[in-house]
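Listed below are the structures to be examined.
Paired with chain B in one complex and with chain C in the other, chain A is shared by the two complexes that follow.
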Partner chain A sequence: MAIEIRSAPHIKTPVSVETIMRHVVWSLLPICAFFVYQYGLSALASILVVTGSCLAAERLFAATGTQSGDIRDWSAVITGLLLALSLPPAFPLWMGAVAGFVAIALGKALFGGIGFNVFNPALVGRAFAQAAFPQAIASYSPSFLPGRFTEFVPTSLAWPLMQPADLMLWLKDKQLDALAAATPLAKWKFEGVLAGAEELVTSLSGHMAVGPSPALILVCGIYLAFRRFLDWRIPAAILGSAGLTAWLLFALSPDRFPNPFFMLFSGGLILGAVYMATDMATSPVTPKGMWLYGGLIGLLTVIIRYYSGLPEGVMYAILLANAATPLIEKVTQPTPFGKSALARLGQAKRGASYPLHPGYISREDAGAVTPKKRFLPNKPKHPPKE
Partner chain B sequence: MSIVMSATTTDRWDEFMEGVWRQNPLFVMVLGLCPALAVTVSAINALSMGLATAFVLTCSALLVSLLRRMIPKEVRIATYIVIIATFVTVVDYLIQAISLALYDALGAFIQLIVVNCMILGRAEAHASKNPPGIAVINALGMSAGFAIGLFALGAVREILGAGTLFGISLFGSGFQPWVVMVLPPGGFFVLGMWLLVFAAWGRWRQRRQARQAEATRHA
Partner chain C sequence: MKLLSYFRGEAFQRGVHPPSCKLTADTKIRRLPFPPQVIVPLSQHIGKPPRPVVKVGQEVVRGQPIARTDDWLSVPHHAPVTGVVEFVGLRPGMRGPWIDSIVIRAHPGATQEDLWGQPQDLSDTTRDALLQAIWDTGMVGLGGAAFPTHAKLTVPKQAKVHTLVVNGCECEPYLTCDHRVMVEQADALIVGIRYAMRATGAVRAIVGIEDNKPDAAAAIGAALQRSGPAPEGDIHAELVPTKYPQGSEKMLIMALFGVEIPAGGLPVSIGMVVNNVGTLAALGQLLPRGRGLTERVVTITGPGVARPGDYIVPLGTPLRFILDYAGAKDVEARQVILGGPMMGQAAASLNVPVTKGISGVLVLRGDEAMRHEDRKIYPCIKCAECVESCPMGLNPSTLGMLAAKREYDLMGERYHLGECFECGCCSYVCPANIPLVQQFRVAKQILREKAAAEKATAK
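Moving on, here comes the complex of A and B:
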C-alpha cells in the first residue's frame, strides 16, 4: 500500500472544477432561454454557433497544445454562452464564430488553458469583435418582434467575410422606426432619451433592444452565490460602487446625468457583475481584494459610460480590473494568524505568497507545465547539528 | 575543379538561404519589428519597405566588408551608422523621386531604417568579419527573408483589413473589412499568428527528420 504524504487540506469536498462549471452552465440556461424568447431564431442560432466555435477551438488547442483543461470541463461552454449573451442577438453568425475562436485562442489557450488565463476569455472575444466589427456590434435588433420564431433577422445570415444586410431597411419593412434598433444606453447617450428603470429590470415591455432581464440574471446569480460557486462580494462591490458613483453624479447635476437605477439596470452591467467579473481565474482571491476589484469595475464602468465615446463600458472596465488583479492581490494580503497587523507593517515587504493554484485546481489536475514553485523559501538547507 | 566549384556554389546557396529560412530576421531572430508592425498595412507598402531595407542592407554590408580592415575597433559602431545613414538618405530621396504617394504612406519609417537593428547587427556580426562576396550574399539572403516576412504580414493584413491584395479586390463590393487588422493591434495579431505557423512547421519538420533517422537506423 502506498502512503501518500502531502500537506493540508486532507479532507476535501467532492467539488471539482467540472462541478462548478456545470452548475454555472445550468444557471445560465434560464437566461439563454429568456434570450431566445426575446429574440427567437437568431438568438438561438447565435448561441449555438458561438458556443460551438468556442468548443471547437478548445478541442483544437487541447489536442495540439500543451495547456490544461479539455472541453469536458464545461468552461468553454460558459465562455461561449457568455460571449453569445454579450453580443447582439442578430450578430452575423460568421462573426460570432470568429469571436468565439478568438476568445478561446487569445483569451485562454495562449496563457496555458483553464485557470491560467489573465483576462476573461468571453470578454477577450468580445473586445476583438468590437475592434474588428464596430458597426455590426453596435446594431442591436429590437426584441419581441412578431414572427421571430419563424424567420431570422437578415443580419444573422450574412455570408462569411461579407457585410451583413442593412438592419434599418428591414426594420422599415416591419414598420418600426430606426430608434428601436438602439440600446437604451445608446439612446440616452446619443439621443437623450431615458428608459425607465422598471422597464429595464424585466426587459419585457415593448420592442426594447436589451439583453436578458437583469432580474432573472440576479436570481441565477443568487443561486450560484448560495452554492458558493461565486463570491457575493464581487457583484455586491461592483453594483455598490457603480450605483454610488452614478448617484453622486446624479445628485450633483440631475440634468446632465441619468438616475442611478438606469445606470445599474441598463447595458451589460448586471450580466458582467454576476457572471463575467466573478470568473475565478481572473478575479482576486483575497476578500479585501474582491471589494477593491469590484469597486474599481463599478467606478470605471460609470466613468467610461459618461465620459467616453462609447455608450457601454462594462467590458473594458472588467478587462482593466482583470489586468490589475495580481497587483490587487499583492496589496491586500491577509495578516497570517498569530501575527499582529502592526508587526506586519514593520516587516520588510515580501512578494505575494498566496497560492496561485487554489485548492480546486491542484497542479496535477491542471496538468500544465508550470515553473516549479519554491515553497518555504527560508527553509534552512542543512538541518541544525545536534 | 568542378567539384570545388560546386562545393562553393552550395556554400553560397547555403549562405543565401541562411537569411531566407534558418535565420529569417522576422520569424526566427524577431528583429526589425518596428517597420514590420508599422508599415505592413498593405502588401505594396510591405514590399516597398522590404526593397528599401534590402538596398540599404546590401550596400552597407558591401561597404562595411570592404572597409573592415580600416575601421578602428573603438569607433566601429559610429562608422557603421554613418555608412548605413548614407544609404538610407539615398533611399529616402529615391522613393521621394519615384512615388510621392508611397513616400507619404511609409512616412518616417524610411528614415527609421537607419536604426533597424537587423542592419546594424548584420554589419557587426557578419559583414565586418567576412570578405565582400560572402557578405553581400548573406545580406541579400537576409533582405529576401525580411521582405518575405513583411509581405506575409502585409498580405494577410490587407486581405482581412480591406479585402484586397495589391489593391485588387478579392471578394467583391460586399466585403466586411476587419477594422482591427489595419490598426496597430492587427500587426501584433498577424505577427503572432505567423510565428505560431512557423513554430508549428519547424516542429513538424524536426519530428519528420527524427522519424527518418529512426527508419534509416533500423534499415
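Moving on, here comes the complex of A and C:
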C-alpha cells in the first residue's frame, strides 16, 4: 500500500475559481436575456461579438504565456458580458470587438492575468471605448422598437474602421421621437426631464434608452450574495453612500438636484455596484476596506454626475476606487484576535453564556496578573540596545 | 435551532463549517487486540525525552514504568503490554525521521492485565502531591497537542485560577473519540474533572460541547446527577454552536465567556485552565488505581476503512496492525492521517506507532484526495474568503502573497503571522487552491530559526 504525505488540511471546499466565475456568468444570463428582449437582434449580436472578442484575446495571451489563467476559468466571459451590457445595444460591432480586445489586453493581460489586474477589465474596455468612440457610445437606441427581432439597428452594422450611420436620421425615418434616444441621465442633465420611478426600476416602459432592468440586476445580485460569490458589503456601501450624498444635496436645494431615488436607479449605478465594483481582484479583501471602497465609489459617482460635463460617472468612480484599493487595504488591515480593545480591557462581550468571573470570587481575588508566556516568548517590539 | 443560535450571538467570529463526516458517532468504543509488538517512542511530547530504565531482554509487565524523567516538561512512559524488551534504539517516527524508541514483544499467552499499579487514596492530599501523582501517570493532553498534563494543571505563582474549562468540542471532522468518551465514560470524566479542579484550585468547571453532540451533554448531566454535588465547586455541561475551530482553547473561551485572551497570553492570564475531555476521563480512571497511561481511545475512520469505529488501542501499536484489523487492507488507500483532516499529520509510514497525542487515524481513498488536492492552483483572486474565515482575524490573502515573495520578516512584523495557530481554515476555503497555511508553517519555522540564531549570537 503506497501512501502519500501531504501537509494539512487534507480536505477542501468544492468551491473553486471556476465555480465562482461560472455562477457569476449564470447570474448574468437572465440580465442578458432581458437586454436582448429590450433591444432585439442588435443587442444579441453585440453581446456575442464583445464576449467572443474577449475570449479570443484571453486565449491569445494565455497561449503566448503573457498571462496566467485560461478561458476555461470563465473570467473572460464575465468581462465580455459586462462590457456588452455597459455599452449601448446598437454599438457598432467592430468597435465592440476592439473594446473587448482592449479590455483583456490592457485591463488584464498587461498585469499578468486573472488575480493580478488592478482595474476592472470590463471598465478599462469601456473607458477606452468612451475615449475612442465618443459619438457612438453616446447614441443610445430606444428600447422596445417595433421589428427589433427582425432587423438590426443600422449603427450596429457599420463597416470596420468606418463611422456608423446617423442614428437620429434613422429614428426620424421610423417616425420616432429623437429624444427617446437619450438616456434618462442625459435627459436630466441636458434637458432637466426626470424619468418616473417605475420606468427606472423595471425598464419595461417603451421608447426609453435605458440599460438592463435594475430590479432584475438586484435580484441576481442577491442570489450571488446568498451563495457568497459576491460580497454584499460593497453594493450596500455604494448604494448607501450614493443615496446619502444625493439625499443631502437634494435636501439642500431640491430644485437644482434630482431626488436620491432617481440617482440610485438611473444609469449604470446598479449594474456597477452589483457586478463591476465587486470584481474580486480589484476590490479590497478587508471587511472595513470594502465599506470604505464602496463609500468612495458612491460619493465619487454623485460628484461626477452632478458637477462634470458627463451625464454618467459610475465608470470613472469605480476605476478611481480600483486604483485606491491597495492603499485602502493597507490602512484597513483587520485586528487580530486578542489585540482588540475588548481584549486589552479584559471585558467580555455581551450575550456570553457564562460570566467571566464566578460571582463568589471577588474581582480583586480573580484579578490575576498575566504571567509571561513560558515557551514561545513574544519578541519585544523595541529590542533594548546595549 | 441554527437560527436560534445565530440570534443568541456568534460563538466566535469567522471560522468554517466543514462537512462533519462523523461516521462513528453512534458506535460503542471497542477494544483492539494486543499487537505482537509495540513500539514506544521516547519523545512523544514537548520537553526532553525521558530516559529508558529497561534493558534489552528484560521482562516487563503491563503498566510498569519503562522510561523516567526529571524534566518537569516531560513525562514517564509505561509498558503498554506484558512481554519482553526486544530492542532499544532508533525506529521510524511519525514525522519521518527515526527516533529513539523502546520495542516490546508481547507474550502471546499473557492475560495482559494491568498488574503494576497500587490503588491510592488521593482524597486529602496536598496540591503538590496530587500534581506528582498526575505526573507519575505519564499523562499528556490527549486532544492532540500532547502537552504534559501536570504542567498544564500547575498554576504559576503570581496567577490565580477560578475556572476549569473542559474541552469537549471535537470540532475536527471524522473524529468521535471524545464524543464517545463523554457518552460512555462520563463518570470517570467527572472524577477527573474533580481532580483537576483540586490541582488548579478552580471553583467551577464548565464542559464545552458542540451542539452536534447533545447526547454527550445529556450523559454528563446524568453522571452529575449520580455523583451528587462536588465539594470542589460547580460542574456544568454547556452546548456551544458547532463551528470549526472551536476546539482551540481561545475560541472555546470566546464562545463560553465572550472574552478574548490577549495576544500572546495563556488562558491562565484570565484565570482559566483548559483541558481535553479525553485527558480528564483517562485521569479519572488512572489516578485512583495508581496506574500509568498505557492505552487510549483512537477513532479509526475514513472512507478507506471497512470497519470504522472508536477503539481502545494499546500505545505503541503500529498503524499497519490497526489498519489490517479495521479493514483498510483491501481498499486503495492514498493517505493515512494521524489526527483529524484539518490539522492532522500524514503518516510517514505504516510502521509508525500510535502515540499519546494521536486521537484518530483517518484513511482517505485515492479519489477524494485526488478531487480536493490535485486541483489547479490559481493566483490569488482576492475573493476574501480566507479573511472571512480566519478565526484569529488575520489577513491570509496578503500573508500568502508575501510568503510567495519570501518576505517572512514583514509577515511577522506587520501582519501578525505569530498569531496564526495553523487551523487550516484559509487553505480549506481558498477557491484558488493556494496552500496558504502550508506556506505559513514554513514561514513560522524560518522566523523561529532566525530568532533562535539571533538569540545565540546575542549571547
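As a convention for this text, the second predicted complex is superposed on the first by the 327 of 386 C-alpha atoms of A that agree within 3 Å, B and C clash if a C-alpha of one lies under 4 Å from a C-alpha of the other, contacts with A are read in each partner's own complex, and residues count from 1 in each chain.
Keep in mind that, in the parts below, a contact is a pair of C-beta atoms (placed from the backbone, for glycine too) under 8 Å apart; a residue touches a chain by one contact, two chains touch by 3 or more.
What you are looking at is a predicted structure, and each value in this text was computed from that prediction instead of being measured.
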Original post:
Is A:17 in contact with chain B, with chain C, with both, or with neither (first, second, both, neither)?
Top reply: second
**OP:** May I ask you to decide whether A:128 touches chain B, chain C, both, or neither, giving the answer as first, second, both or neither?
**Re:** first
Original post:
Taking the superposition as given, does A:169 touch the first partner, chain B, the second, chain C, both, or neither?
Top reply: neither
Original post:
What is the contact status of A:161 with respect to chain B (first) and chain C (second): first, second, both, or neither?
Top reply: first
Original post:
Is A:336 in contact with chain B, with chain C, with both, or with neither (first, second, both, neither)?
Top reply: second
**OP:** Could you say whether A:252 touches chain B, chain C, both of them, or neither, answering first, second, both or neither?
**Re:** neither
Original post:
With the two structures laid over each other on chain A, which partner does A:286 touch: chain B (first), chain C (second), both, or neither?
Top reply: second
**OP:** Mind working out whether A:63 is in touch with chain B, chain C, both or neither, as first, second, both or neither?
**Re:** neither
Original post:
For chain A, which side has the bigger count of touched residues, chain B or chain C?
Top reply: C
Subject >> chain B and chain C footprints on chain A, overlapping residues >> reply: none
Original post:
Where on chain A is chain B touching in the complex?
Top reply: 64, 92, 95, 106, 128, 131-134, 136, 158-159, 161-164
Original post:
Which chain B residues qualify as touching chain A in the complex?
Top reply: 163, 171, 174-176, 178-181, 183, 185, 189, 200
Original post:
For chain C, which residues are in contact with chain A within the complex?
Top reply: 8-9, 13, 18-19, 46, 96, 156, 158-163, 173, 203-204, 206, 234, 238, 240, 250, 254-266, 268-271, 329, 332-337, 339, 341-350, 362, 364, 368-369, 371-373, 375, 378-385, 387-388, 391-395, 397-398, 412, 414-416, 418-419, 422, 424, 427-433, 435, 437-438, 441, 451
Subject >> Interfacial residue positions of chain A with respect to chain C in the complex >> reply: 1-17, 19-20, 68-69, 73, 112-116, 228, 231, 280-287, 290, 329, 333-340, 342-344, 346-358, 360-361, 365-366, 368-371, 373-375, 378-379
